[in-house]
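The block underneath contains the structure these notes are about, expressed in structure tokens.
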Amino acid sequence: MTDRPEVPRQPYVAVIGDGDPRGPDAHRLLEAAEEVGQLLARGGAVVVTGGLGGIMRAASRGAAGAGGETIGILPGPDQSEANEFVSTPIATGLGVVRNFVVVTAADAVVAIGGRHGTLSEIGIALRMGRHVIALSSWRVESDGRFGGPSIHRAKDPREAAALALRLAKEGPASPA
Amino acid sequence: MTDRPEVPRQPYVAVIGDGDPRGPDAHRLLEAAEEVGQLLARGGAVVVTGGLGGIMRAASRGAAGAGGETIGILPGPDQSEANEFVSTPIATGLGVVRNFVVVTAADAVVAIGGRHGTLSEIGIALRMGRHVIALSSWRVESDGRFGGPSIHRAKDPREAAALALRLAKEGPASPA
Amino acid sequence: MTDRPEVPRQPYVAVIGDGDPRGPDAHRLLEAAEEVGQLLARGGAVVVTGGLGGIMRAASRGAAGAGGETIGILPGPDQSEANEFVSTPIATGLGVVRNFVVVTAADAVVAIGGRHGTLSEIGIALRMGRHVIALSSWRVESDGRFGGPSIHRAKDPREAAALALRLAKEGPASPA
Amino acid sequence: MTDRPEVPRQPYVAVIGDGDPRGPDAHRLLEAAEEVGQLLARGGAVVVTGGLGGIMRAASRGAAGAGGETIGILPGPDQSEANEFVSTPIATGLGVVRNFVVVTAADAVVAIGGRHGTLSEIGIALRMGRHVIALSSWRVESDGRFGGPSIHRAKDPREAAALALRLAKEGPASPA
């Protein structure tokens, strides 16, 4: 046993979005999440989600189908809450505070659609210095001018995954 | 001693923003925060902040000057971290997770300027069903359509405080 | 308005224990909690609890009856969850993690009876450098020898309150 | 790709203890942690730790040397904080609150030595329904009588690992 691993860590990319998407866009968003998960896994990334349904399950399914590792950061205290495509469930018991961990655990974050929970995760991600790639998701602007991480808008799953892989490998930005 | 208080609870309004505002707008934002704090206290609200400097201190100063109660939800484990205008310091030891408590503890939230930490608090506030009043702060839009709390843009401290008092008395919206 | 308060902060003492005590000791423990709350308020302390029923309500009732301030750090997102003797409710939304805040917010902690939740709060209190006064509560021993805060066993409510007031005024110990 | 995995989840066992053990017992405790980690991995368990030094590193080293998966639940926001034997680092940014996640993520918990942080984790583990196996660690007793998980004292690493594997496979007890 050597004391130092010789392989670099895999990048971690979080995919966030609605646990139960509805409305006319739901099907398209779920397909996008599955494709993003698949492309991230093919690109060598670990896919991190909140471990439950909807966008989380679709992204995990895409990654698992491509042979990737999938981490699910669960809100409750019970691993069995994880969807069946999560290879590494982490039962936190933190309730809504687990959103904080989902994005902090990742090197970059892809937001797909989403409601207020997703907006809170985008804000926390930026606060913690993680770049965010938004696909049909929130638009966020400030009067102020300051550095740090930012939101990159992607036009399709392919662009979202490519951006996420590139930014995740660069590592976190300095928190602003 | 009666078993039921006869007076209704005071509304709680959180004021969030930068702990160390810089740039050309800094002075204006600090003055706005002090005025908002003063008007909230005059309107009968308890002012909740993160208890530290900048916008937090200015809002607490305004409220304390008007004889109001000021709660400071501190990130560290030590009450002495609170600014001198906090009448009820709560030392949480939660680090950045304390942002979660600042907005959840309030019935409505006024955001004044702010960087990524403020954006994360806006997102958490909406996620927890709290209305947000934005004064020179983040603009946030979604492609999706869904109910729940929303962001109200105010043009000046007077409008921000009036809106906050009205929305806080109505109580939290249902989380979306 | 002066920039510095001239009065020292009041000491904060947390009272922790079972939210629904049962068994032959329940009545005695509730009476003890009420007496401890009363004595702490008379001694000038703010009483901090988890804001719900059982020991939390009894301690708050004792303190409120003596004219004291009572802070309730609630697990849910809704102030109305607080018992009627809480003068300053803090709705955290943190779930079980709110236990962390209850003891960190205090300068010293009185544990009365209690089950596993109380044991976790005792451990967190010691970890955060808070002295713990145990009344009919957990006994905790280690093989190791190390400094920092410790558990003081009290024989009755009077001794518990006196010890808590003294230790709270000394301030937190260094965390070990 | 099938929708249901056919293999059962591996049990997760947390190993907790001092991040920097000192004194005459330090060497013995570190050796015990490494042996426990090795035996847990051989027994098919994933080893969960706080991901840093001391007992955490020794247990991860033992497990990694036996080819096991090792999860490190880190307090800070940066994966590089993990020791080199962690195969799956989870950067939480939660500070001391990450202790909550370390034990909740596991099906059973082995405590080796430890100071107040370890005591807090034991309390949280029991609160969350996890059985605790103590090896040269805290002794904890209550006047009360109630069900739920309990602390099992082990005489050596072999007994600790065997107990942990058995209790982890039984799954969490009901929280008391």
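Chains: A, B, C and D, in written order; residue numbering restarts at 1 for each.
To be clear about the criterion, a residue touches a chain if its C-beta (ideal position, glycine included) is under 8 Å from a C-beta of that chain, and two chains touch if they have at least 3 such contacts.
What you see is a predicted model, and the numbers here were worked out from it, not measured in a lab.
Over half of the residue numbers at the interface between copies chain C and chain D are found on both sides, making the touching surfaces mostly the same. Taking the mean of C-alpha positions as each chain's centre, the chain lying farthest from the centre of chain A is C.
Distance from the chain A centre to the chain C centre is 39 Å, each centre being the mean of its Cα atoms.
Put simply, the C-alpha centre of chain B and that of chain C have 27 angstrom between them.
Among all residues of chain C, those that touch two or more other chains are 93-94, 96-97, 100, 128.
Interface residues of chain D facing chain C in the complex, by the touch rule stated above, are 23, 25, 96-97, 99-100, 113-117, 119-124, 126-128, 136-146, 148-149, 175-176. By the touch rule above, chain C contacts chain B in their complex via residues 1, 3-5, 9, 12, 61, 64-65, 69, 71, 73, 77-79, 84, 88-94, 100-101, 104-105, 107, 128-129, 172. Chain A makes touch with chain C in their complex at residues 93-97.
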